């Protein structure tokens, strides 16, 4: 007798509470920016393609749908990984994450033919030069997407790490115990 | 050419971990020595077995981790844990209690969390509570005071430690707290329930109890020495003891027949040991002075509550474990006030005169 | 009661072995031989580097301008002695990385011939703005080690109408005694400099704060200030880092500078005592900053002492003068042992920031292996700012920089008290320096990100404009062709009509 009433009461409770949750999910929902927009805000926005997606928006969509890991963006570095992990609620072990050495392109002046193919594809207009004249890369504007390296016919464009000077020298991380 | 930069401070190290551990062991030595003196050879054997097994389990865990054992063993933390466990055990407990206690303390209380500095609960208290719940008979069999050369001899003591007591009640009895608790359950009242309690003997340690917990005065002395050396801070011991004294005074004044007096509380059970050596454990107590005061007060409160109204006569183990669980919360909310900011982190506002 | 627990006038800090006895008893050596070559970097101050005005082959006189300051936060650099410019090139800087800095190299001629200068009749009748501009022109920067351009600070003080000038004579770092000796030997000149600073900022009073381990200097300064009611000398307890200006301010005035503000927010400006002396020289003697007193000490130095050296002298020469035993030298430190930089090579020049050269022997820097943190919270007790070093370090170790910033990383002054007390020998301050660098890197990366977005936008707009123009051009060409065709057709029609008529 008691067992029957216990079962009935528990089932009724479950039904009522479940229904309430469903109603609340619909009517008490908190509106917020679509997640994809917020993820895209965080990305560097250079559309460099190093993540394998054709731009930052498709990468953001992949992140939200869970098909891409939060470690996908090399230019974003560990800062981006941390922010994406927080936003998407993903657990990521950052203790071994290392920032990739940022690289910039450099024109080797001996082999440049002035064909202008490179500056046409540079997404930030970081290459200066006119037809038949030697081109040069403005390192400050270069985002390291490597598009120019791909189209250069004489392979005079190479990627180099950014030169360390007194101004941009930083303390390295101490070795762990 | 990349030069590996060296960061300051460029000074010789002034404090070391093994130095600190050694100082704590030294502070515990008088009370331990008295314990051996009071309870004879079985106590010594138990002590040695517990400490050695603590070291063995530590070496074993380190081997499993793949780390070199010697530097860790040398830093003295395993020895200290073993010593503290031994001090909380009944002096004539069988050898396997000591081994089990060390195993729980080192393996479950310390290594599974990641080793030194990572555990949440105090290893010694964890071991004591686990043993108390799992082996209540052995953990509540308290030997009478039988000074070193008057009790069982070297060989007889070996038998005691390795095959256990043979059921003769003449050599065991109840501790003060246990006696009183039993008395209350039989509707006796204080001071009758105390029997032939002597405040003076309790203070110097001449009473039944755990191996190293009996002597209030020696433990107090060791604790004050540690304070002087800067190994521990005053906040936890003071807040813990003051809370217990305060609460026991209030309740004893209100109902002297059912609540022990502050003096009895102070001198019984593990209160002194816990106040100066257990609750002050670095890893499991809060980092800030205010946090430590709260922690100490919480321990004191719980100790009093469990002793007065709980099922067990002694409440220190449970109290410490419960407060250990609260420590991360305390640390999260209680932070020092940063220079130039309010407590909530916002910069000081001096625009309004 | 809580206030007593958490808000004392003196918080945290450590008391290390002072090692000051070795050098505080002897006078500043004035017989340092003039080096054959001087290497003067153009960046010896906070702000933009100075721009050289001399070129190779130029002959310069002592005190002549070598490089002028660029922009508001900058300082000029002058020739420490007469000679010939033999090079202007990149040379290793006195920095832990020994990376190069643009350096003017002078070959000295031994004549010590001064550039003609015109000291003022009565320096105390000069206008405040004139005082500040002369101080700036003399290249005076903060000689306590922060090397902030002093003229900028003086001007700031005047604009903010400050009420107190605090002269920081704390010198809390072990080994260093250059400020101590300066006060013992040149107290009157320092006080003249203080009075000039007061005039330059139009401030009413000054307080000189020094640690109580300098009793002789205290008496000397008191004697020199006796006739000036508005300058007082106060002693503060000896406890590193008492020389941290905010700590000293709180101890002497009870007020705290807000975390996001400067001393001027509470009406105070802080200057180092050696800077006051440099101001005296700049105004009263019309001499630019071309030399400074350096404490040379450490276990590997045979004759530890304070030496007045010309800026640009190689440290190896200074050490040789003081009898260094190279075999015993385990580490070369510029500055004090707590916050100073370990230099990889000693053939780097003495710059304006260099208040100490320490050749430390092995047992002075002996450090055991790094062990796990035992959460003893000694670092929390030692931190003068009120941070939680153990928590910040464990977050930084796990690369969680945002959590570390939440805990107060940006307020860390890198004093090293936490590392000093840590029994596990964890390099705490190294973690914080690393993390601060990372934060700067991230800020720069964000900046670059914005710049990239802007550049890409500009480019897209340019391409769009080009495309629209091309379309418009094509449209116009088409219309023109159509118009020509229509006109041609009309003309043909007209011709036909005329023909038929």
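By letter and in written order, the chains are A, B and C; residue numbering begins at 1 in each of them.
Quick note on the criterion: a residue touches a chain if its C-beta (ideal position, glycine included) is under 8 Å from a C-beta of that chain, and two chains touch if they have at least 3 such contacts.
All values reported here derive from a predicted model rather than from experimental measurement.
Contact topology of the protein chains: fully connected, every pair of chains touching. Counting C-beta pairs in contact across A-C and across A-B gives the higher total for A-C.
The most centrally placed chain, judged by C-alpha centroids, is C.
Centroid to centroid, with C-alpha atoms defining each point, subunit A and subunit B lie 51 Å apart.
For the pair subunit A and subunit C, the distance between mean C-alpha positions equals 36 Å.
Residue positions of subunit B touching 2 or more other chains: 5, 7. Within subunit A, the positions touching two or more other chains are listed as 171-172, 174.
Along subunit C, residues 97, 369, 371-372, 424, 427, 430, 433 each make contact with two or more other chains. Taken in their complex, subunit A has these residues touching subunit C: 44-47, 75, 77-79, 82-83, 86, 94-95, 97, 99, 123-126, 140-141, 143, 164-166, 169-177.
Listed in rising order, the residues of subunit C touching subunit A in the complex are 43, 93, 95, 97, 99-101, 369-372, 397-402, 424, 426-427, 430-431, 433-434, 436-438, 440-442, 445, 448-449, 451-453, 455-456, 458-459, 462. Only residues 2, 5-7, 11, 16, 96-98, 174, 246-247, 250, 256-261, 265-266, 331, 333, 337-342, 344, 358, 360, 363-369, 371-378, 380-381, 383-388, 390-391, 407-408, 411, 416, 419-425, 427, 429-430, 433 of subunit C touch subunit B when the two sit together in their complex. By the touch rule above, subunit B contacts subunit A in their complex via residues 4-5, 7. Residues 171-172, 174 of subunit A are the ones touching subunit B in the complex.
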